[in-house]
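Note sheet for the following structure.
Per-chain numbering from 1; labels A, B, C and D assigned in written order.
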Amino acid sequence: MIDLLALVMLLAGCFFVFAGTVGMLRLPDVYCRLHALTKADNLGLLLICLSLALLAGRLRITLLLLLIWLLALLASTVSAHLIARHSRARRPPTGEPQ
Amino acid sequence: MNAQIVVDIALGLILVGLAAQVALGRHLFRSIVFYVAFGLAMAVIWARLGAADLALADAAIGAGLTGALMMVAFRRLVGIDPEQAQAQMTRHSHVAVAVAALTAGLVATVGLAALTMARAPESAGMQVLARLEETGLGNPVTGVLLVFRGFDTLIEMAVLLTAFVGSRVMTQRSRLNVTTISGFELPLVRTLVAVILPLAVLIAMHLLWIGADQPGGAFQAGAVLAGSGVLLLLTGTLLPAPRSNAMARLALVAGVAALSLLVLVPLSQGRPPLAFLGKGSLLFAEAAMMVSVAVSLTLLFAGAPALKAGRQ
Amino acid sequence: MNPAVLLVGLVFIPLVAALVAVILPVRFRRPVALLGALAWPLLLVPLSIAVARDQTLTLVFGGWTPPLGIGWRLDALGLVLLWVHALAGIAALPGAWHRFGPKVVAAAPFWPLWLILSTGVNAALLAADLFNLYVSLELTTLAAVALIATDDGIAALTAAMRYLLLGVLGSLMYVLGVGLVYAQTGSLAMDQADAAAIRDVALVLMLTGLMVKAAIFPLHVWLPHAYGNAPGPVAAIMSAVVGKVALVALWRIWFQTAADPPDLLADLLGLVGAVAIVYGALAAYMQPRLKMVIAWSSISQFGFLMLLLPLASQTAFQGAGFHLLAHGLAKAAMFLAAANIVTVLGSDSIRHLPGLDKRMPLEAFTLALGGVTLIGLPPSGGFTGKWMLLTAAWEQQGWFWLVLIALSGLMSAAYVFRILALTCFHPARRAVHELHARPPKITSLAALLLALLAVIIGLYPHPALELLGRGLPGGAS
Amino acid sequence: MSGEVVFVLAAAAIFGLGVHGLLTAGHIMRKLLALNLMLSAVFLLLIVVPARIDGLPDPVPQALVLTGIVIAVSTTAFALALMVRLFRRQGHAAIHPDVDPRMLGHVTGRTSAGPQEEHDRGSGSR
């Protein structure tokens, strides 16, 4: 039962990461790409971490996975912020595809 | 077994695909970014092969720091001449394609032949595993690096020192380049630094401590610290300093000096050079090596002989 | 005390001196480096006695016998090159001392790098382990490249970059070969690593890698620019030992790791050497700059040393080893003299040479003496080396090699006499314009002594020949 | 077909790509990238080809590769510093002074010293 749940979450996580990647490659401008990359990827990573935690079933591993997710979250937040800021300074958002 | 081979093929294809982007990509900056991705994929493959020490080292050094060094060098080129941002400078040549294909074919033939050849029944690696107990270490790679083939490691640390001293020949003639990125004053970035930095130090200490028995060790720990140093330089918390100081110079030579002690101290006791002095001495040498790796790589990134505190 | 322990000093005296030099402020670096560079050659006296008695000295790190650990081995060949290194290094010191004073920008890194270069060269000469040889050669290459770059001219920086890139390419091929050897034999010790099936491929890979580092034609492209544009003392030490270390490693791997090297490959490499002799000499003849002439002559002379592989006899080894000694001393002397000429004239273009024998007689004499050794005229050391090689070719009825060796003397004569004729007998012997301050006399004398030494060893060749007569690098005859 | 075969083939392909990059690159940094790729391929072969011991890679090649990685990053860092200096001095990042002008793109015609020549040109003293 737990295995099944983990599998579903793993697949869902992979889907979100994949979607984020597709978004990064296909979306028109920096802001949309950042949106895809940060949101979808972080959700995907969370799902993968959770599923791995379920499979491992140990508190230490679970906490480590949570830490990994939090660090990735922090890193992607800051880098997305910096990229958006840099991008706005150079070329303000117009709503039009660049 | 079948699932394994599918995963292996996928990993191999990803690695080759990334290498192709590095080698064939049009824009230099893009190639550098893909090189970082290549290093990470390499780390995954090391993990798959069971070489955890290499996975850690390649992720931190091969991908992370080499990438950072290349990016900062690229930025320096752009700083000198902004048009470098569009630098392409590749030529197309059928000869090159033919030579490359031929070389790849040769390497593949040799590699596959080597896989199927008869091997000696006894290898140095087996001896290492058999005699690792005498050292009290649990990680055979650390055993090879610091005990059985410690002299290689000493020369390797000397190479790192030489790279730094040699770079000074070039960098001391140039003005100091600013490595700071814009936006470091943002509260968000400061939070990041405040969280990452203690954690990175903790991780480095952990890697150093467990290195004797588990994957990890001086190089991996040093690389993590060097990564933090790069972050501090990027955020302007540390700045390149134009003049060297005694602390920086001591940190640079610490690794070679500690390993030299491991070689020379047994001599004074009438034992062969580099005779095993116990686990404590190894930890001492590894700590010194970690400091040297971290400081050398950070200073190579900064292109400066020392660092000073920046704006807080 | 076991004399092998002294080997540790060969590597660790310059290394520790380098560490001290890095730690100390810039103004102390030069004296520390001088002490370090003068201290380690002292060990060569007891070591020579020990080698003369015991043939080879071996040292095993940590008591972990190979293949588990790393071993060092000093044989007659290594000792000969250590002497070249020591003598050339000491002779280069006055010039380096004069040029890299504490007020010079590049002096701060120069002196530690100078010591590290010695460390790397000595470690590579002692290495009896395939991988340890790699790390030592990397150390040597990196220090050498940085020392070339201390010149900071575009030509020197370009040469340094080219040397570095080719060096990395060479070492990665070498490492691949080493990996294949380990995979098959499970050992990295040079004398244990022999194996069958994949060996020839691995051998070719390792040799190719080392040939890049030793600048053997056609992998020589980095050398002329590197030697021709490096600061004088650096060019001297590099031409004396840095390329030759890789060549000695190549010989060792050939005779030690490949216990039964394939004849075809030997002839092929000999042929490569033959082309190098001719091509290098022709190129040397065409060069417009003195330092480039001397640098290209190295390509030619290195090709000469490759003839040991097809000849592969005791006599040939004595000849090649002796040639290594004589050539190293003569080349270093010539580069030091050329460096002084550059300092005084501001250029080493051969157009400036006429009349030099009047204004800079010591330098002109050094060039002449060095040239005599390069050609191999009696009684110079170069003559002894070439004569032994000729004898070896005669004994084996290798007529092709015989003709080639004889021819090589003529070709060296062509480029050497071109220089000497220009210097002494050119009709338009213009007055030499002294553009810059003359370097201290001791720099000229050091170069001259080195060149004299290269001749004197030809008069008293027996100690070196007797040492080298003990056997090929593998121990087999 | 086993995993080893896959990785040997991948290493060979990467080596070939590196050779191609090395031959076609005009820019020094591209040459460095290509050399680093080739080194990675060599490292991969060094680990994959020797026999595995108890299902893990032989520790000796692992240590060799770890040494190789550190040497590679040292050499790369040094080469990059050299490249930046050469760029400052000559104004383009190709090795050959007489390089095909098309490969230099925008810097064509700029033959003498680089755009940011410093006060201490040449090898002289301060």
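The definition used in the following text is that contacts are C-beta pairs under 8 Å (C-beta built on N, C-alpha and C of every residue); 3 or more make two chains touch, one makes a residue touch a chain.
Computed from a predicted model, the values in this text were never measured in an experiment.
Averaging C-alpha coordinates per chain and comparing to chain C, the farthest chain turns out to be A. Central chain assignment: D. Criterion: smallest distance from chain C-alpha mean to the mean of all protein C-alpha atoms.
The interface holding more C-beta pairs in contact, when C-D is weighed against B-C, is B-C.
Per-chain CA centroids place chain A at a distance of 57 Å from chain C. One finds 32 Å separating the Cα centroids of chain B and chain C.
Centre-to-centre, using mean CA coordinates, chain C is 26 Å away from chain D. Multi-chain contact residues of chain B (touching two or more other chains): 114, 119, 123-126, 128, 149, 152, 156, 159, 162-163, 166-167, 170, 173. In chain D, the residues touching two or more other chains are 32, 45, 49-51, 60-61, 64, 67, 71, 74-75, 78, 82-83, 85, 120.
In chain C, the residues touching two or more other chains are 105-106, 131, 135, 138, 142, 145-146, 149-150, 152, 180, 182-183, 186, 188. All chain pairs in contact, by the document's touch criterion: A-B, B-C, B-D, C-D. For chain C in complex with chain B, the touching residues are 5, 8, 12, 15-16, 19, 22-23, 59-64, 67-70, 105-106, 108-110, 112-113, 116, 119-120, 123, 131-132, 135-136, 138-139, 142-143, 145-146, 149-150, 152, 180, 182-188, 195-198, 201.
Contacts from chain A toward chain B in the complex involve residues 71, 74-75, 77-78, 81-82, 85-86, 89.
By the touch criterion stated above, chain B contacts chain D in their complex at residues 4-5, 8-9, 11-13, 15-16, 19-20, 22-24, 28, 31-32, 35, 38-39, 42, 45-46, 48-51, 53-54, 57-58, 61-62, 65-66, 69-70, 73-74, 76-77, 80-81, 83-84, 86-93, 95-97, 99-101, 103-105, 107-108, 111-112, 114-115, 119, 123-126, 128-129, 140-141, 143-145, 149, 152-153, 156, 159-160, 162-164, 166-167, 170-171, 173-175, 219, 293, 296-297, 300-301, 303. Chain D contributes residues 1-21, 23-27, 29-30, 32-34, 36-37, 40-41, 43-45, 47-67, 69-78, 80-85, 87-88, 91, 93-94, 100, 103-107, 114-116, 118, 120 to its touches with chain B in the complex. Remark: chain C residues 101, 103-106, 131, 135, 138, 142, 145-146, 149-158, 160-162, 164-165, 168-169, 172, 175-176, 179-180, 182-183, 186, 188, 231 touch chain D in the complex.
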